[in-house]
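First chain written, first letter: the chains are A, B, C, D, E and F, and each begins at residue 1.
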């Protein structure tokens, strides 16, 4: 079921992209999803594209956009003697406001259990009846239903020492937030494959209707991405932006209604803070009152919305503008000085494939290595 | 304040013992206290005494006389996930009915904290609020007041996760139990120094009055023991048994009334089972009803007096007769076969200076090493 | 070093490990002259050079398809000697055991250590056993220290690497790492893959005897990627590998896609990464193809140019060349 | 072996340790010929004999009056080489660190290891670092493996012990054990005693050069008593020591009476127990008296006769002779 | 942002299933995709099947690639 | 059966005291012997002072030993 293309097929697709690339003006295409960013990075695709097609890496790594103030909150939780933090490995090294991460906290004595699935987190809770297990629910619409299932299961099985600290984020609202900026220089979106598996096409309609932006829901193989690009470029050339699905083996137009029901049973939309982007209305998920016993924020009395703490942690981080195609990483004052991959400030540096991290590693502006061609 | 004698003084004392030793009949002198047994062993005294003065090692090591059924009970406790056993190191290697000890249990995952004082056990309780700390209260009248103090302190400070499993034993009742046997061949007792620090002389009066046995409360230096022996031999020679104090720097005739009060506030006498000796009336201490919250037997619902379990664990163990001077270790059917120092059955083998252990190690009947002269 | 606490990542073979070694350990043990980053010590003793190397093994699970910690402890140290051109001769074994560790498992582990050493002609000559309280160690840790004889004419190492050298791997990559990870993450292997754990001294000796090897490594923790990264820096060379040329067992590839991992970063315990003079290619490939531990050997890249900072490029399926990044911290399963 | 689980006592240097080594470890590593119970390996390498020895250090507390685990890790292995007559040359260091261990402490420990090795003319030539999860190790464990050169004419060991040999201790016993215990049991030393932790290679070499030494040991875990017990069994000799002759610091004696312990069973980390030909007594005592680590040296006993089972007798203050029993299990403070 | 892998379901037990790829198998939850049967391919994310892959749709991509190939060979 | 050591009290703080022997000191409880003062010798068992040693009685043993010695020397 895994599908790979051969070299000739790939070369053909690149030719198509080259053919479709406008000669006159540069195009900014944002791949929203971190998995796309990873796939593009591994394939070396960026270097092979025509110079006037720029791929911008979006805010699509759910752990990278976790706000540093919230990181401080869960680090505080992690330090409580009776608490075990259960988390996906992805979150382990993401630093908070003061530069330290869950990995650091663990080094200082916090109990952190790295799990691959919420089912494992429930097992940790069952195996540690004397402890409170707090699962860090990070992730977009793809992950949220699995976390919701675990809450429902905990309720059904009467597992009382389990709760979720919801850091979940939603994709369409952040896209809208980026587009609200008048200066934004994005022409089209490579839309996330697996988020769309859940939400389908409808939530993206506003992109074309309201902002006149192209969008293609795309798979994660190199040929998927190239085909998605071709479809995007065709939309742009014909000036008929819409939402197409390239990734038809993974996404139905209607998405996954049952998963959305499960998610809606446990969560409701809420304003959310994004690292480097600030507060975005209705861009997150909070646990409904009916599941309050499983809401770590309520169980541990974490004040919401954290007055005094919710201001942008570093006003100098230019991530917002970088994500909008307005600035380049090297135009950020912190780039390479206060902000490096080992000590990142904004999401574009936290993600190892984020724009700032990539520039730092692979260009003359960063560590001194030139990107290879 | 530690007093040691020089060689001449010791030689002089030995001469006095030799002079007082009856020529005609052998005398059996029991040193009741394990610390005396240790001191005698370390000094090599036994070999220097006239042949017709035999030193019998009594039931005076409080951990060695802990009944193997009770060991099984606390091993069971130790296996409970939420329990930390706090214990003096002495108890660590004493095997239960099935041959395994606390050290084994610890190897299998039990949490065992070796402490030097009940104060340390209270600290363990304070530092582990989520756990139940059970202190194994083993020891005679010397130790019981210190354990009683910890119970009082736990009550005063509201430490609720602390309890005591009382294995305490009393010295006078076991002496009486030995003497009840018509065949008993004990002529006099080297009485325990530090037990007497607490109880004074009165509780021993029955020895002379009812059983016509000599008794001297003795200190633990070699010269103390020799002087105690001299005093005993004088009592015997003059046929005027009584209770004398050799160890006057450590024992007042009235004992320590405050320590006895503290002990009596928390504990009350109760029948107790002795390893190798069986049930002896009023020879132990149980926690009073008023401190029931600190009584591990009540807290963990341990049935008393353990019907079906309290029968003598090994009827073939001859310890009772050995302690009475009726039998020698090599006359026990288990000696050196089912019962060895590494896998002891009765208290005389459990104690490293017990009669059976000493015979096993140092005589031709045991491991093959001849006792050196 | 920025952090004031040691983290797991400090021992993961990645960026922070290097920091720990270069910034803390090396300045303290400054008696090594130029060989600070070599894993094995060359000792000038009367009568010849001997090599000495040490490693502690702290793997969990202790038993995995294809081996156990005992086999690993023998292979790892033997292989560290072998890759520097030494003929492994003697091993010491230092055991730290958590109380409560089953004797049966202990025996199994020691037997497998002993058998593995014996199969490579190596004697275990001295040992030490410590037992620590439950909770003070994770079941069992094994240190093995090995010494071997370095033939007069042999000289291998990063400084011997030249532009033009071929980069050869002796077989499929990531088998050990995936076998262990599957056990840890509850994936079932269905007998598809096992750890490649094996002593490589025999194969290494044959390869060295061709006279065409400039440097060798056993790409263990951190995988082929980390070894390449380290050697590129040490030799100040640019190295290029061809992604498609790297042999990966199809089940390892499947496991990697299931766990979000890259086989180039997975540990191997029975593979040699060989830098070879191009004129000796056929001789070296012959040795590999005729040895049970080298049958799947392949040329995966080459050293392309000098470069003061040193770097590794990967040629992708698209024909693009991208940087091979260093592993930062632990290599954990990812969901994103 | 009767038990199916490893207990603390299996590593305590006492009876169960011997059981573990003789019944489990030795039968598996059966390549040592007659030297199975020697702590160091003599290796016939071309050009001469070298000795190799390994030990892991798992002490708690890590820092104690007079030293730390780093100094200990250097001394212990250097001393193990020294007592077999080797000139220590090289050390490897294997570190297992619990995550969260403070870097400052780590540096302090490594520096002290390095300085101690340097002071004995020993080079640390190779190392390895592993970090394990919190709770998977107790702060830090160190393995050191040492190799040394054994001069042609030197031949020391239990089989060289003869009837008539003097038993000499190079200074007061139990200082290290008491310094560590006091820290652990919350006794305050008031600056009275410190660990004797020191590299003994220089002193040992001087002693060996008298030609009068038949065997040496550093009486570490289990103390003088355990070493005597072990050597009596290995040499099949009866040994006698005079209790009063054994030098004990008065504060160590006091600590022992407070904790219910015997100084003969306490660990030393800077003392030599020497078996010496009686005709060389004055020469050997001279070496001791003129060396900073041997000033308090004393003859404490002698080898009195052959005895197939081997035993150790202690002459007491009463002039009686009693058996010196082997340590069974851990040496713990007692209340009775 | 969300890694999901196509796996083939080889066993179903209530809400749980065993799914495999190239012989490597894994226990997954199908609570979000109860329609799944043995033999189906599913997309698995964080231990949960989130989508049953329609064979027709899957073939679509293959067809597309084949066309590309032919176009290229012409 | 019950090891107790004579220690000299050097500091008293409520129910607790510091006691020492040959420069080695230890925190002990004097809850069972509240009459204890700095300078007193006490018998300590399992961390508790269980007896204040009367100097007169202590000298008694010394006297006895001295007499023995003299008897011997005569």
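In this section, contacts are C-beta pairs under 8 Å (C-beta built on N, C-alpha and C of every residue); 3 or more make two chains touch, one makes a residue touch a chain.
The chain list, named the UniProt way, goes like this: A, B = Hydrogenase expression/formation protein HypD; C, D = Hydrogenase expression/formation protein HypE; E, F = Hydrogenase assembly chaperone hypC/hupF.
Please read these numbers as outputs of a predicted model, since none were measured by experiment.
> Would you mind naming the chains that touch chain B and likewise touch chain C?
Looking at chain C and chain B together, the chains touching each of them are A, D.
> Expressed in steps between touching chains, what is the minimal separation of chain C and chain E?
The least step count works out to 1.
> Figure out the least number of contact steps between chain B and chain F, where 1 means they touch directly.
Steps on the shortest route: 1.
> Which chain has its C-alpha centroid at the greatest distance from the C-alpha centroid of chain D?
So the chain farthest away from chain D turns out to be E.
> Please indicate which chain is farthest from chain F, where distance is taken between mean Cα coordinates of the chains.
E
> Could you tell me the distance, in whole angstrom, between the mean C-alpha positions of chain C and chain F?
That pair's centroid distance is 63 Å.
> Whole-Å distance, chain A centre to chain F centre, using C-alpha means?
So the centre of chain A lies 72 Å away from the centre of chain F.
> Can you check how far apart chain B and chain D are, centre to centre, with Cα atoms defining each centre and the answer in Å?
That pair's centroid distance is 35 Å.
> Would you pick out the residues of chain C that each touch at least 2 other chains?
3, 5-9, 99-100, 133, 257, 334-336
> Two or more other chains in contact with one residue: find those residues in chain B.
Residues 2, 11, 34-35, 61-62, 88, 106-108, 116, 139, 143 of chain B each touch two or more of the other chains.
> Quick one: which residues in chain E touch 2 or more of the other chains?
In chain E, 1-3, 21, 45-46 touch at least two other chains.
> Sort out which chains touch which and give me every pair.
Taking the chains two at a time, the touching pairs are A-B, A-C, A-D, A-E, B-C, B-D, B-F, C-D, C-E, D-F.
> Show which residues of chain C lie in contact with chain E when the two form their complex.
Listed in rising order, the residues are 182, 186-192, 250-251, 253-255, 257-258, 260, 334-336.
> Using the touch definition from the top, list the residues of chain A that touch chain C in their complex.
Residues of chain A touching chain C: 2, 4, 7, 10-11, 14, 34-35, 41-45, 47-48, 61-63, 88-90, 92-93, 103-104, 106-108, 114, 116, 139, 143, 222, 341-343, 352, 361-362, 368-369, 371-373.
> Spell out the part of chain A that touches chain E in their complex, as residue ranges.
On the chain A side, the touching residues are 1-3, 5-6, 8-9, 11-13, 32-35, 60-62, 88, 116-120, 139-140, 142-143, 145-146, 149, 192-195, 197-198, 219, 223-224, 227, 248-252, 256, 258-259, 262.
> Across the complex, what residues on chain E touch chain A?
1-4, 6, 8, 21, 29, 31-34, 41, 43, 45-48, 50-51, 53-54, 57-58, 60-62, 64-65, 68-69, 71-73
> For chain D, which residues are in contact with chain A within the complex?
99-100, 133-134
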